Structures are given as C-alpha cells and as structure tokens.
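Next come two complexes built around chain A: one with chain B, the other with chain C.
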Partner chain A sequence: MSTDPDPILEVEGLNKHFDVKSGLVNDLRTRFTSAEKERVHAVDGVDFDLYPGEAMGIAGESGCGKTTTAMTLAKLHQPTSGTIRFRGEDITDLDGKELTKFRQNVQMIFQDPFESLNPRMTVYDTLAEPLQIHEVPNKRARVARALEFAELQPAEQYLDSYPHELSGGERQRIAIARAIVLDPDFIIADEPVSMLDVSLRAGVLSLLERMTNEFGLSIVYISHDLSLLRHMCDRIAIMYMGRIVEIGTTEQIIDDPKHPYTQALINAVPVPDPTTGRERVELEGEVGDAVHVPSGCRFRHRCPEVIPPEELEIDQRTFRGAMSLRAEVDRGFDAEAFWERTSGEDGSASEEFKEILRDEFVLGEPSRQNRDVLEEAIDLLAEGEVDRAGERLRERFHSVCERVDPATEERLDVADDRRIACHLYEPSGGDRAVDEPSTGESAPADD
Partner chain B sequence: MSVLEVRDLEVYYETDGEPVRAVDGMSFTIEEGENLGIVGESGCGKSTLAKAILGILPKNGFINDGEIRFDGEDLTAMSEKKRRSYMWDEISMIPQSAMNALDPVYTVREQIVESIEEHRRGVEKARANETVDELFELVGLDPTRADDYPHQFSGGMRQRAMIAMSLSLDPALILADEPTTALDVIMQDQILKRIGAIQDEINSSMMVITHDVSVVAETCDRVLVMYAGKLAEIGPVEEIFDTPYHPYTVGLKRAFPNIQQPDQNLISMPGYPPDLAPPPTGCRFAARCPLATETCFEEQPPEVRNGGLRSRCHHTDRIDSELRPYAGEIQVWERTEAGREVTGT
Partner chain C sequence: MSQGEGTRELFENLEGYDELDDVDSRKRAIRLWSETLSEQWAILREDKLVVFGVVTITFFGLVALLAPLLAPNPPTERMWEGAMIMQWENPLWYGGEGSYLLGTTAEGYDIFSQLIYGSRPALIVGLSAAVICAGTGTMVALVAGYYGGRVDDVLMRITDVAYGLPLLPSVILLVAMLGPSFLNVILAVCLLQWRASARVIRSQVLSIRERPYVQAAKVTGASDWRIISRHIAPNILPLTFLYGAFAIATGILTEAGVSFIGLGDPSQVSWGTMLQSAWTYNAMYHQAWWWFIPPGICIALVVISGFLIGRGYEEVTNPALRGNN
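The block that comes next holds the complex of A and B.
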C-alpha cells in the first residue's frame, strides 16, 4: 500500500500546543512582564504520510498526544504550526466553506458511543444531519444504506429509535454508519472498541475492516491496545510526549521493535495464554510533564538504554542511577526532602543522609572510579555544596540522549519506510564521542 | 483451606414482573492465597456475584437461597452488624471505577486513615499514618504524595491508591472488579505486576472480575466462566485456555486479539445472553451454541469433569471433534439459532 505514489494525507512538522493558563489577566501578565507563556506540547513535530486504502495505527500511553494528533488531522483543533496536505492540497489554514467541504471527506468515530450520540436525536436524525449540512440529496436512501452496511437490519426498525433504546454495540454501529454516510475518504477512529463488551468487539472490528476494504477508505486508528492495532493496521506509529518515536509496518513494529519505548510498550501487552510468558521491561512512572519537555530525547528519564559516553565503562543500572542523581542536582536538589527521611539525630544524621542517597542513586555494580565520583558528589551534597556536586557529576556522567534530540535527525537507514527516533540507531555510528559534555548552563529546561 | 465457599447461591432482582435471576445456583470456593478469575460478557452476573459477597446489593436485589461462607461462617445468615465487621476488615474490594471512588475533598491520606480508624478503634493516629506510608511504598507510590488530593493524582496513581486502601486492614480476601480496565497498557502492566507482588507478600486471596481474558491469563490460578447467571465452567487457568470443554469458553477465547498470533480470526458469537426473568428452561447458552441439540433447549446441562475442569454442558464429548478444530470460523457460530436470527437466513 505504501507503494502507491500519492499519499492521501501528508503531515509535516505538525505542532499543537495548548496554553497552560489562558484568560485576560494572564494574557496581560505575559504581555507586560517578560514571563514566558507556559505551553503544553501535546503534539510537537509529527510527520507521516497516509496512503489510500491504508490502515494506520497510532499507539502510546495516555497523555502521549495521540488523540490530539487525531483531532488536529480532522481540523477539530487548529494546528499551532506545521502543514497538513490532503490530496496534495494544503488544508492547514482552511476555514469557512472550504473547511466544510474538506470535512465531508474526513469523519471521526469516537471512543464512547454513549456520549458521542445526541440522546435527543433519533437514529435517522443523527445520520441525516451530516447530509443536511453538506446538502446531499437522497437522504433517506443513503441513511438506509449506511445502516444496512453497519449490519443494522432491517434499517427501518432503527430509524426512529433513540440512542438509549440501543445497546452499546448498536450505538457504536450507528456511529460507524454516521461516519460513512457522507462517503468520506478517510476516517479517524479513536479507541473504537475500548468501551464495548468483549462479545461485541470482534463484530465491530470486522465491520471496520470491511469498511476499509469495500470503500477503499484510509483509516487512522488511535489506541493503546497494540494487539488490536496488530490485527487492524498496515502500519503503526508509536508516539511519546508529542513525538512519533518509531513508525513502520505492523510486522516491523510488533515483531522487531527497535525503539526502547516501543519494546516496552509491546512487552506490556498481556497475552491471553497463560503458558506463554513474556519478557517484561521495567518501565516505571508515566509520560510526564509536556510543559517542560526534557532536552534531547524525551524518553531518556524512563529509558532502559540511555547511552553513556563512549570512553566511560559503566553498566546501565549504575549509569541510570548516576544520571538520576544528576537530574536531581540539576533541578536544584531539594535536600530537605532527603533530610526529612533521616531520623535527624545529631552526628549520625549526615551519615544517614548519605546512606539514603546511596540507596537511591548508587545502583548496579559501579566500578571503583565511578563509585568514587558518586561518593564524592554525595559528600558534597551532604555539605550543601550542590553546585560543586553538579559539576563533578556532569564531568563524568553525561549522554548524547540529553544533548541531541534524536527526532530532528533523519533516520531512515534501518529500513526504507521505517523511522526510529533514537540515538541507538545512528546512521553511521554517530558523532557522540566528540560531543562536548554538557554544562549546567547549556542544558535546556529539564523536567 | 477455603477462604470463601459459595454454595448454591441464588441472587434475584425484584422487578414489576418475574424476578430476574441474576445469579442462579452458583457453587465454588476460593482457597487461601489463590487468585480466582471470573469472566463473562456484560450482564452475565459477575458484578452481582461480587456485590452479594460484599453485602452491597442494590435495594431490589436479594439473596434467594444458598450460602456464602467466609472462614466457615455463613455471611448470609448473620446479623447486619456482624456482617459489617467482616467487610473491609476481612473482605475488601478494588472497585470498577476506582478512578472516581476517592472523595475529592479529602486528601488520600485522610481517606485511608479514616478507614483504618473506623475499623480499628483506638489505633493511634501516628500508627495509622505509618501504615499509609507503608501501603504507599507497597503499591509503588511516593509516600510524600499521600497528602495530595485525588485530583492531583493521575488515573494510574488513583488506582494504586485504591489498591493501597483495599489492603489497609490486611484483608484475607480482595474482590477486584475490572481493576485495570480504564488504564493504558503500561499502567495496566505496572498494576498487575504490583498485585502479583503484593499477594506474594501478604498471601491474601483474590477474586478478579474482568472481561479481559488476557488479564485473567496473567494473574489468576483458576478461572470461573459465567454465563447468564450460571457457572459454565471452572478450572485451572492453563486448562481453561488450552482445552476448554464449554462451547461458550471456546467462543469467548476467540474474541480476543493476541499480539503473538496476528493471523487468528476474531470471532464474535452472534446473539446476546438470554432474558433472565424467567430464564430459559434448558441450557442458557443453547441459542448461541453450535453444538446445541433438542436436549439442550429442554434440560439443564449436567456437570461434567474433564481433568481439572468442571463444565456444565450436555455435549462435552463432542467438543474435541466437532467444535475445537472449527472454532475460528465464523460460519460455525452463525449456524446457531441466534446466528440465524442475526443474519436473517
């Protein structure tokens, strides 16, 4: 499918940012002071193409920006920047009549059929409304056809029903019928079955499959359920904190995930078979704050494979511990929080304080030199010398992952239509050895 | 020894007409330290069963007959007061919408401390606070966050806080109703891992109600498959997944995509569970069953044993040859009474 030369949708450098605080007072405040506006980077530099007849999945944790991406594609959000081209035509800034015309080609299916249908409208009204707006003739016949396609037969029986008279599965089928009644070119389905009971899911999924096959529709599935996407999609994009971190064919992504985040995501999927164990990747925490995005790779705080400097011999656990301590220090080091955990007895407290830091940050099996540096930094922290501790740590423990944003570089070398935004997959081994270690000043905002 | 023993339990709902027999003659046990999974479609009686055990049935629901023995004592026969003393103390729950189960105007700590003080009269405040810190550590939350309000927590953190609360009185049995349904995969994985670790540590038993067979496959020792208020099949998790002997289990298993088996056809069994006021005379699954014969519509199925499985079906002897090899073909399921109705043939 990706061999088709003309994509139906081309997305380039798509951004959607939201203001953290909005309103008159805040506007004035930012206008008259130099305070920087805080923004949530919900979608932050997304590129991909969608081909005719293709089913593409977008996956990621809650809060990774997948739904915002979908809504921006349908122009339900106005993108902050970037371009969206539909059939070669730039639709990023469409409005008025032209936007209405574009919307005829794009439909959405939402997660919750209990909320996405108007409870005061009959099934007929729900389906006829888009036809009315777009002034399409032959409403009755088209509505009936859409219902029949959605396996709601006989159609007449449903026309005068209200949503509360229908089961969850029937409602989602109505939502699907509404999406296809205008004969669109592409559909965005946001978690289309996650609210449905098991017994209904397979039926709705096969309906969606039939829909793409029979009408040659392109479809974008948004879901965190990778087993579902594997079943439904030709290609999958994995998102993390507003970025696509890996994109490729379904087989590439599921059978041979390259990005550490993709690997973690796939390993987290439970398998309906008690005899097959799965390898669990330890991925703690959550996506995190998309206001103060980390420098370099956004996944690095949770990444099990942060890249140490080439000349440094260190195991991953020790390195991660050291980097966490550094992050703690870069953030200003809240010594109080650690002191609080000591018993506070005079004399012994300092030793106790150090022990708490060691427990938390000296991990794995550090070599003598690495341990010495960590110990030295911990001593400095116990004495309140936070800046010096930071310097000492930065000298030895730094990473290309915090300095260079992997997504800004072209990374097409792994396979033709596959992109991976990760420094582990540098086109030519990379230039990280010659990179200068970062200093406190040059390290951008960190979370 | 059995922690919980349910015998011939019947739970009905009062309606204008015939009562709805939501749970109809269920018998099973949960052993010490065991995880029992309860699976089935919506409306098959899973949650009613849990509510009956917890004694929180809605006003129109009542236990018509049967026993629920906890530690040998029949919960259905004791006074309300005595029964209440068991709740939370001995039997606690992780509710379905744990995301919304916390009170927004109290901090998480206050809510957990309150539940401890309510049940452990005279416990020192400091001790209760210590318990909260320990529980937070146990479920993987930072104890310093205990003084936050629920809205300051993400969905996954609230779920962990609920798990902490359900463990606060060291119960012997925990009822978890869809504990991970609202969460994304990573959070689900973290919570499931946590639940496993906690159980190893405190050796409580658990009843996990879910429609997601993958969750059951990963967390449970035994599985009970429910259909229309009746036990369809019960047995060790490996056997239920490998060689189920009830046609409903065979079909249910086929409804889930497996990330490790991309080419498996997904099957949606046509039709719905039957109306239970009153229920059909014979086997309740008959209308949707590819193996159904006249007997199935007339007589209740006997309980048949196959290895470690107890299955209620007239035709367990035909499963191996007539259903299992063809279960992946939707036509097989469409050749049933319910299937004919749906496809209009």
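The block that comes next holds the complex of A and C.
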C-alpha cells in the first residue's frame, strides 16, 4: 500500500480522553482542591494512514478504544489532541460550515440496525435527509439508485416503509444505502454485521466489499472478529488499551503475528480443523484500567513474554507471578482482602495467609534463589512490612516493559511496513534510547 | 483491490433516470400524514375506554361551547328576589316547585345552568394547562437534554426548585397575591406543573441523544435544530402527550380545589365554586345530594377521560405495547 500516491486520511498521535466524573459540584471540587481530574484514556496515541480504495481493519477486545477511534474519525468526538488530515487538509478542529462540508466525505455504518434508523422516519426520509442537508439535487433518483445498489429492489417498494416493517438484514442494507447516498470518500463500519443473523452476514459483507472494489471507496472496519477482518481487509491494526500495538498487511498480521497480544488474539480464533496443531496462548486477566494506565507497556500485566532483566535467570511464568505480586504491592497491597480469605482472626492465621499468597503469586518452577526472594517478601507482607517487601521485590524483579513505553515503530528485525509496539523487537530508527539498567561494567579505561 | 481510474461512479447518468424529484414531495407528505392519522385512529378506536374518553371530552366540549343555548337560566342570576333565604328549591322531579331540573342553590341560583356553565372553566383550565405544561416541559427537556453541560445544570436546578414547591399551597399563595382571577389559576398551575414532564422527558432525551440514528444524522452533517426537531422530538412525543393528559387532570383538580376554598374567580361559575357553596350551606347535612354530586361526577368524568386518552395514545405511539393486544 505504500506505493499509493497519497493517503486519503492521515491520523497522527490521536488522543481521546474522557473525564471520569463531571457535573457542577465535581467541577467546583476539583477546581478548589486542585485534585487531578481522573480521565479515561480511551484512545491514547493512535497513528495510521488510510489509502484510497483501501479496506483497513481495527481489531481488539471490547474496551480497547476501537469504537472511540471510529467515532473520533467521523468527528463525533472532538479529539483531545493529535491531528487528522483528510486529503492533506487538517480537519481536527473544523466546525460550523466547514465541518458540514467535510461530513459529505465521511459516513458511518453502525453495529445495530435496529437502533441506527429513526423509527419515525420512512426509508425515503432517512435516505433523503443527507441530500437535503447538503442540498444535492435529484434526490429521488439518488435514493433509488442507492437502494438498488444495496440490493433492495424494487426501490419504490421500500420508499414508504418504516424501519419496524423491515427485517434486520434489510435495515442494515438501508443503513449502507444511507452511507453511500452522498457518495463519500470513506466509510467507517463499526461491527457492521455482528448483530445480524449468520445467514445474512455473507450478503451484507459482499455488498460492503463491492463498495471498495467497484467504487473505490476507502473503508475502516471496526471489529473484534479477526476472521471477518481477514476476509475483508487489506491491512489490519490491533489495538490494546487505546494504542495500536501492531499494524501491517492482513497476511502479515494473520499469518505471522509478532506482538504477543496479536499472537494471543489470533490463537483465540477457532480453526475449522481441530487437529491443526497450534500453540495456544491464553491471556490471563482483563483489559487493564484505562484510568490509571500502567507505566511502560500497557500489555505487560497480561503479557506472556515480559522481558526479565538480562542477568536474571527465571522462567516466564514465575517472572510474571513475581511481577504481579510487585504490582499488587506497588498499588498499596490490600492486606485485608487476603486476610479475609483466611479462616482465622487477623494475625493468627499467618501460615494460611502466606499459603494464599503463594498460590496466587508463586507460579511455575522458581529456582531456589527466586523462591527465596519471593518467600522473604511474603513473610514481610504477613508481618505488615509492605514497603520493605516492595523493596525486596523491586531489587530482583524488574523489566524494561514496565519502564519504557514501546512506541509503535517499524522494527528492524521484522519485514517492511510493519509497525509493532513491543520491546521484543528492536526499533529500526535506533535512535530511541532504551533505558537499559546499568550493565554493571564500567567503561574500559582507554588510554 | 481495484481502484483509481478503473472504478465506476455510483451516481453517474442520473438525469435520464427519473424526473420526479421534489414535485410530488408535498403530495407525498400529505398522503403519509393522512395514512398515519387514519392508522392511529383505527388503533384508538379498538380500545373502548379511549372511545369513551374521547366521547366524554367531546360531549363536555360541546356543552361548554353551546352553554348559552343549553342552560335554561343565566348561572349567576337569582331565581327569586327578596331576602336571602336559607332554603332551596328541590329538583322538579323531587317535589320541587318551579321548573328547575336540579333545583336551586340556597342563594337562589339554578343548579343545572351552573353545571352547564361550569364546564367552561374546567375545560379551559384543563386544556391550556395541558398545552402549556407539556409544551414548556418538553422544550426545557429538549434543550437541557440535548445540549447538556452547563445548560442542563442550570435548567435542571430550576426544575428542582419547582419540585420543591408544594402544588396546592403555592397555587393558593400565587392566586392570593395576584388576585383571584381565572388566568391566574392557569398561570399558577402552569408555573408548577411543567416540572414533572421536564424531568422525565429530559432523561428520555439523554437516552435518545446517544442512539445510533442520532449519531448517524450527526455524521451526515445535520444541524442541532434538525436533530432536535426531526430525530429527538418525534420520539419523545408520546411522553409529551402522556404528560399533557396528566396536566389536564391536575389543572381541573387544582382549579376545583382553589375554587372550593374560595379563591376562584368570583365572576365565574365553576364546578369547584359549586362544591364550595354546597359546602358553605351544609348541603350534605341536609342531604341535598343533587347539589354537590353532579359537579363531582363531572369533574371525575373529565379527569378520567384525560387519563384514558393519554393511555390510549401511548399505545398508538409505542408499537411494542400494541403487540400485546
């Protein structure tokens, strides 16, 4: 795709944050107490380009920010920061007439066809509304043409129907017809078929495919369904907690995922042949807290491949257990919660308390040294010495993944035009200072 | 993916396609409207109670309009002169003298004529309260719900204040301050009754504002006014009607109540003032039931009819309810 002349859409450093609480009283409170406002980092630094005629997919678990990205692209949300350029023109801060003019070029298809059509408007009114707004002549003919394109024939039969008289598939086709009636340059499709019966999906998908193939529309698909994206898209971007963690062509992403998160997602897609051997990486835990985003790599709490310090010999499971214990301690360690799980009163069941911690955090087969450190930390925790336990853990268990935020960059050791945000792969620029812990060797005296 | 020069245009050669454009749009609008109305009327007619409500309101409407023709005597004219007597005429079918269908009051007024003229203030207060309350409430709700933020905060705090005022005492106070006139009763009812519809409809607007079809309209570039008037307002209309129906009832009841405690318009006869004079002259003690029962029944009938119509209309505008029948 890099051979294409100019991208139709360039997104750079897109951020969309939402205030957690709002309202008069809360506003005043934060103003006077100068407490820091809590914000949800729904989209946090997204960059990508979209080329004419290209179909791009954005995938990720729910809550990863893919729908917010879509809404921001369609200017339904004002981005907190970053720029969106459409055909080279900055549209980030458009409003008023210019925004209305820009809207002629972008349309959106929503997930739920039962909610995306106004129940009090006939099909004709729904489809003619964009034409009225932009004062496009020849409304009736255009509406009929759009309906026919969406394979709703004869068009006359549908013009005076209300949405509740139509089936889900017909409604979604009408939503598609509404999206194309203005002849836009690109369309955002947010889970376009996930609410439809499986039997109807193929028809709607082939209709969407025709839009890109026959009419050169660019389209952004938002979906959690990788098998759908694989079928529909030229390129796929994988999002996690508001970031794109990996972006590349469909073949690259599907056949050769590099980022541990992408690998886990791909492996979760069921395959028709159960005998096909495939290493199954299961993710533990939930998508993290988008309010208090973790330092460094956002995926590190769930990552099966957190990078241990070079000098430390440890298997991945043990390391991850140790890191979760550290995270727990860093967050203040809610000892009450663990004591409550013991049968005895506070302090009287410390053996049981330790056993619970061991079950939860001492995983895999730790070497003696590692086990000793963990045991020591658990003893300290049982005695209530949270700070000292934290120190002890930090001394031994740390990772570049928690210190340095891996940017989405092209990586040296991966094929062209592929951007991955992971410390496992080295950035191609080479100018990024990866904060390595001191090697312990002093510079050789050279004289 | 094919692209660039090879692609077709979706909307080429439109001219030769169809010339019928905006020519018949008005005809079409009229046809759709009449279809909708007749469809709704058909649904309304299915429910006997709604028909009852419509018939009752229409009946009282006609009575109010034709009051001068129907009433045998002027409502505020004494039927005999001389000293005020503490005795009244019984109805003519109850051994009374004279031709009074429901007898006369102790002051010497013809009860039947008063009953007929009494429908006027009831309907005027009821209908204007309904229109003004539901209208104001809906406007406030649309603006507050759609724009949100500061606007919403301010409007809803005003609503909260209105909620803090108890209905009848506030009306009494207002009427006492502004003078006992008919318009002041309407004004007082409206000042206090828009609050419920504003609060409830706003929450509905908040939910509709986030619906994908509103988002879709925004994406196509629809202005705020278009979104409010075409996408949000039609979808909250059933609630407006419902609160309008409630307001008919509260309006009539409040007017009756205010008149009953003697703060009604002294130059007007209403069902409330009739009840008041019946109370003053101890009609109940003397078992002159024809004096106080008819106005009571009239109030109840009109109020109930308002509720029935509101309920029936809810069914029309909410297809999901219709499915149960």
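Following the convention adopted for this analysis, the second predicted complex is superposed on the first by the 406 of 447 C-alpha atoms of A that agree within 3 Å, B and C clash if a C-alpha of one lies under 4 Å from a C-alpha of the other, contacts with A are read in each partner's own complex, and residues count from 1 in each chain.
Heads up, the rule we're going with is that contacts are C-beta pairs under 8 Å (C-beta built on N, C-alpha and C of every residue); 3 or more make two chains touch, one makes a residue touch a chain.
Here the structure is a predicted model, which is why all the values come from computation and not from measurement.
Visitor: Let's test your reading of the overlay: on chain A, do chain B and chain C clash or fit side by side?
Guide: Fit.
Visitor: After lining up the shared chain so the two structures overlap, which partner does A:T122 touch, if you call chain B first and chain C second: first, second, both or neither?
Guide: second
Visitor: After the superposition on chain A, what is the angle at the C-alpha centre of chain A formed with the C-alpha centres of chain B and chain C, rounded to the nearest 10 degrees?
Guide: Once the structures are overlaid on A, chain A sees chain B and chain C at 70 degrees.
Visitor: Once chain A of both complexes is superposed, is A:V20 in touch with chain B (first), chain C (second), both, or neither?
Guide: neither
Visitor: On chain A, which partner's contacts cover more residues, chain B's or chain C's?
Guide: C
Visitor: Taking the superposition on A as described, I'd like to know which of chain B and chain C A:V198 touches: first, second, both or neither.
Guide: first
Visitor: With both complexes superposed on chain A, which partner does A:Q153 reach: first (chain B), second (chain C), both or neither?
Guide: It touches chain B, and chain C stays clear.
Visitor: Check the residue A:L28 against both partner chains and state whether it touches chain B (first), chain C (second), both, or neither.
Guide: neither
Visitor: Under the stated touch criterion, which partner chain does A:I254 make contact with: chain B (first), chain C (second), both, or neither?
Guide: In the superposition, A:I254 contacts chain B only.
Visitor: So after superposition, what is the minimum Cα distance from chain B to chain C, given in Å?
Guide: 11
Visitor: Quick one: which bits of chain B touch chain A in the complex? Just the residue numbers, please.
Guide: 41-42, 140, 144, 154-156, 183-190, 192-193, 211-215, 217-218, 237-238, 241-242, 252-260, 262, 266-269, 272, 344
Visitor: If you look only at chain C, which of its residues touch chain A in the complex?
Guide: These residues of chain C touch chain A: 1-4, 7-11, 14-15, 17-18, 20-22, 28, 32, 153, 211-213, 215-223, 226, 230-231, 234-235, 319.
Visitor: Quick check: in the complex, which residue numbers of chain A touch chain C?
Guide: 23-24, 52-55, 71, 74-76, 99-101, 103-104, 106-108, 110-112, 115-122, 124, 129-130, 133-134, 137-142, 144-146, 149, 160, 164, 175, 178, 180, 182-183, 212-216, 234
Visitor: If we count contacts the way the header does, which residues on chain A are in touch with chain B in the complex?
Guide: Contact set of chain A toward chain B: 61-63, 153, 167, 197-203, 205-206, 224-228, 230-231, 250, 254, 264-276, 280, 283-284, 286, 337.
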